[in-house]
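Shared between the two complexes below is subunit A, which has subunit B as its partner in the first and subunit C in the second.
So, the complex of A and B:
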């Protein structure tokens, strides 16, 4: 697609959108390579060889985290996080279903948005990856030793956790902020008020989740904010370490037809939060403990890896009108979306999605303006700095609809332009555009491995496109989103590869593979199995009845179950199959499924114990079997359960090979 | 190309013939010669033929008296990691273990425990067993010390 010379007039946008849509329709604009074989060589990972980077892409509305190899673009795994996963029983099995508990009860689905790797000294360290859930506000922590969700914490007094889950340079905190403000009274309680009382009653919160050395999360404090929409966030680093930046829009405080009504002001705000100062206030006992019921779910590694839930009733709330110096507003053009801090920590870049320029704020200038109280006013007690006093520069002609920016660590920034469907490379120091490349089509976020940290690996860039159209074989109305891998190692960006991504990858993270590979668990040691219903040898397999509850202690190994013949079960029983996989080798899971289970299968990793609940409703003999082809005799890996009538009194009998 | 195909065919049929023999060491000279050929073609050394292929590359000898503490540890490990497929006194998924040290050297047993994939792929005796029992022996992730303890258990009177 040819770039238009665009007027800096917002009314031009509809015409360009129309033009872009027309262009999508035609065939032929596919990113003509100067050399296909050169591009192929750069992404070719020969059979048996491994990718250079892990790419972690949010699954968006599938609620999960996709894992991809880069540069090949191979989809290598999906980590279940916020949605039940029938593929392995996550959210169904007795061990994992507590992970989806919230103050609203069990929530089987979530909307995952922004993954963020843990950092040490401003560099990704491969310990954990955090990801936020927008719909029922939550943040999850996934352990990269086992690629499993290990903890999920709910965010109280929030309604749509979008500006999340961004970490501070030593993973002291993970950010969270409400996308939708809601009416809350002085006790942070929900209010039964008319929606058109928005300006009087609706408020927002920005939360900071403290992360312990072991990864345990707790909400250290919440800052009460004006009733805007809070959109995205990034922490400061280097000189700006101790600060975090949050974009807001709807400073108009519209409550209906935001498409028009929240797009009126020339400028909205980036909220600059001095989290270090806020944390000091908290240490001094400042702020108020307020009602804020939320649930924290965690895998208890001490007790069999079983997920447990705890409810926390209160949260510490800081009011910036009372506690000076924790929040300042940076005026920023036209409903800014992304906010990104360059690797030096000096520049704060906003993606003003309706703006014709990209504003670049200077951290030094911001501090000077704060020190000299160079304010243009205040909003609800929060000082508003003067735009011209804090501006480093504006990037002219950055493409239409700039959204997000990442960095290569060589002085350049790369910004996605959603409407004009391109990535624009520009020089951070002089704010001049130096290169641009089309993407297919309409990129949202983009990702450079380490590209939002202090140490980017500026070799590849992945554009995460929102629209796919003609890029793959058509699959009906619904299509996987397209991603494009772009080589950024030279002066000119080069398109290397298209690859499909599952769900909707909003944000993504990338990391050198060796940082993650070295901490991989290959199986769980049977000796370390602390599950209360484990059977770590066939000698321990048994069946115990307690009223109508029946506990089956079962084992699997290639290729049989023990026991595999079970009698004495009755209609109306609640049968718990506690299945321990006795294998002690890498990549030998066994599956467990039984006819008619109103449930999902179990996929049990070597050395692990998982539990399926089964409530038989019919008399008969029901087969169960291993669902994961495990050996040449996998088809023989089966068993039977005899179910007798409810009012009968059958003897419990079980065994294997008798 | 043709030659290598022929070679593969020859060695395959040879392997098949061998596994067809099924004897356990009481065969005559002819069988010995065939075993010798097989040994040369599979590239195994005399040590590997007798003591197996794996991480244990020096001969392990049992003491004159059984170390009962070690044997007890081995028994516990056997129950945890092996008993789903091996019984002491009867054939189950795999062979019975009560007389294994009459058939194999302690080193061989350790290498079979520690490197079952390599053994069933490359060692003629282990290959034979795989053909007989059909279920490949899984690698249970034991250390050399643990495998040694299990051998001590096999050498003891414990059951």
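So, the complex of A and C:
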């Protein structure tokens, strides 16, 4: 063996030289920095210091919302939204289960794509963040006072809620639209028809969800649309406030092998929706109330903290063939993906993922064309404007596969190019590319804090990549996605940081930290706890049996449960542990877990009551314990439940410290 | 006593209203896991957390070392103190009205005596809480007691406790000083 190594040594020498040359080359294309780079300084948030921005990144197929600090890229929290979260019992506990109710029953998983912060006067305000669910169409509202999902509304007459959840400049509405058109009869009922009847029977809808001052969502109206795929959206602002823009593809109306069959037309459409006019029609009572069963779930800590579901049977549907002036089609090359409106509200930019240019539509020209009825035709009663009449310009050489654009508020736009793995910076006014930077690899969305609002903070850009491969230590075939933080404060973009993101972030939002920090709750006040099964002191702890249902009113405080010895439970009982955390201090949650539970743990915040159900299957004594290392005597924070045979008649006994 | 002396004596007496408005004494505690601090203020008739839940949280921590919970309602001194200051205020005003200079010294004497008694009581209170610990306490450090300092800072395990007069105390001190000054000045012939 040793001899062999010797003989190989001479071979190795040129190999090493070659390798170092290759590696040197790699360093450049890999985004590595030269030693004099100041990138580390720019992203270094010293221990004890806080990030300048919150970054909210959708979790994609984990159904949740990731919260990151920027510029450090630190992953600081995950808000459970559309998927059950065993980590804290969201979607398992009696209080949160109803949040995942739909007209299809309980749906434990979701695909979360596009978070959008609430806005006031076109500026992010830090009250809420909305996010869509693509698979079983829904929109969620997360309160940024507690970073919890407070409401989820289902979108009826829809499939694949992708062009969502984009807000209007004063959060009057949140948008939703069908990515997958579906067959619907004249009463919006699903149809048992052959899939190849697509062109005759499949329809799309675009929905506008009204948001009240308190955040409550309800579907104000749906607009019936031709059976295309509706992809992404953004609201108008400034002069274009009152309008919303939705990209569509598959104007070919293919129903199989879309990658070929939906890529044939030279141009698809952006649907320009005059939502303000539509809202006026609605006020006048126009449109038709149609069947549209959907479920709205909400949870309010001031109202007991138990999620409630309500089923709404109808929805108002507007038909653009009957109500003039609410929808126009802007021809746009070619299978456009993103549609983004610049901070001035004047330019509407599409990412034509198969196009060699980025088309920039002018809002003024669009309005002129509408006023002079400068149409090239119509599609299912919807006027189609002339491409050349509405075009501000085309960005040449924007990279391959342009998808999404954000803005820095200084007259520049930044577009991701998926196929050529880069972010391209261009001047909006003269549509000239001024800079480009590689990303690793294949960016989808990108995010500049406030970058889709009227007031961007044009300091950082995050590229949210779809392919990770070699960016981090390998974790087998499956891995987190990669993101890159890019400094856009100067003329030249500078790569600062590479960081992994959980799930598959699609869109993201960023906001100055202080806008969110100032409204933070540290814990729930015990005196405000209105949960019907609360025990706000140990004196109130008790056990009540009602047939085979047993309610345990339990409390936690460092470092014990009350009660911690429980007898009188039988096999076949359904035991509800209503656990109130009596702590009133910041960051002192207690956990609750019991052997054999078929659901998850509870993670109870100070002042909160959460309920776990437990149906013991076996006779014996079962331990429960606190799962959150709450105190020096956390390991002592435990208890026992005695389970007697089903046909026995044990006396209920309980206590702590007796 | 001249009218101006009488007025100043009345001011000295009325300054004691301040004692009812702001805390008299402050005990604040610092520990790594309490980056924003935790503490309590002693007012004329109460002990209250610096933040709404501080007292609850201090009692929560103290149970580990077996310290009695601090329950303001069960501390008799807090029931008496408002009357003591009311007595000082009323007698001070009577002195101002009558203008009897000698009584000022008498008044000051009682005031100082009460103040010293208060501090001694506070020390004994701290001693009791710090030493008379529940023998079943989970955390027992041999030789360790937890008496808070009367004045200044003291490290108690991981907590640095600082005990200092609060604004109310300075109202009382100012009242005393003005009364002393009135006595001094009104002696000039």
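Everything below uses one rule, namely that the second predicted complex is superposed on the first by the 622 of 658 C-alpha atoms of A that agree within 3 Å, B and C clash if a C-alpha of one lies under 4 Å from a C-alpha of the other, contacts with A are read in each partner's own complex, and residues count from 1 in each chain.
One rule holds in what follows: a residue touches a chain if its C-beta (ideal position, glycine included) is under 8 Å from a C-beta of that chain, and two chains touch if they have at least 3 such contacts.
Treat the numbers as computed from the prediction; the structure is a model and nothing was measured.
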Superposed partners subunit B and subunit C on subunit A - clash or fit: clash
Contacts of A:560 with subunit B and subunit C, given as first, second, both or neither: first
Which superposed partner A:538 touches (first subunit B, second subunit C, both, neither): first
Which of subunit B and subunit C A:584 touches, first, second, both or neither: both
Subunit B versus subunit C as contact partner of A:253, first or second or both or neither: neither
Touched subunit A residues, subunit B compared with subunit C: B
Contacts of A:530 with subunit B and subunit C, given as first, second, both or neither: neither
Touching partner for A:633 - first (subunit B), second (subunit C), both, neither: both
Superposed model, subunit C segment overlapping subunit B, candidates 4-12, 40-48 or 94-102: 40-48
Footprint overlap on subunit A, where subunit B in one structure and subunit C in the other make contact: 557-559, 583-585, 631-633
Subunit A-facing residues of subunit B, complex: 79-81, 83-85, 92-93, 134-136, 138-142
Subunit C - residues contacting subunit A, complex: 36, 52-53, 56-57, 60, 64, 138-139
Residue numbers on subunit A that touch subunit C, as the complex places them: 557-559, 583-586, 631-633, 636
Footprint of subunit B on subunit A - complex, ascending: 523, 525-527, 536-539, 555, 557-560, 562, 582-585, 588, 631-633, 657
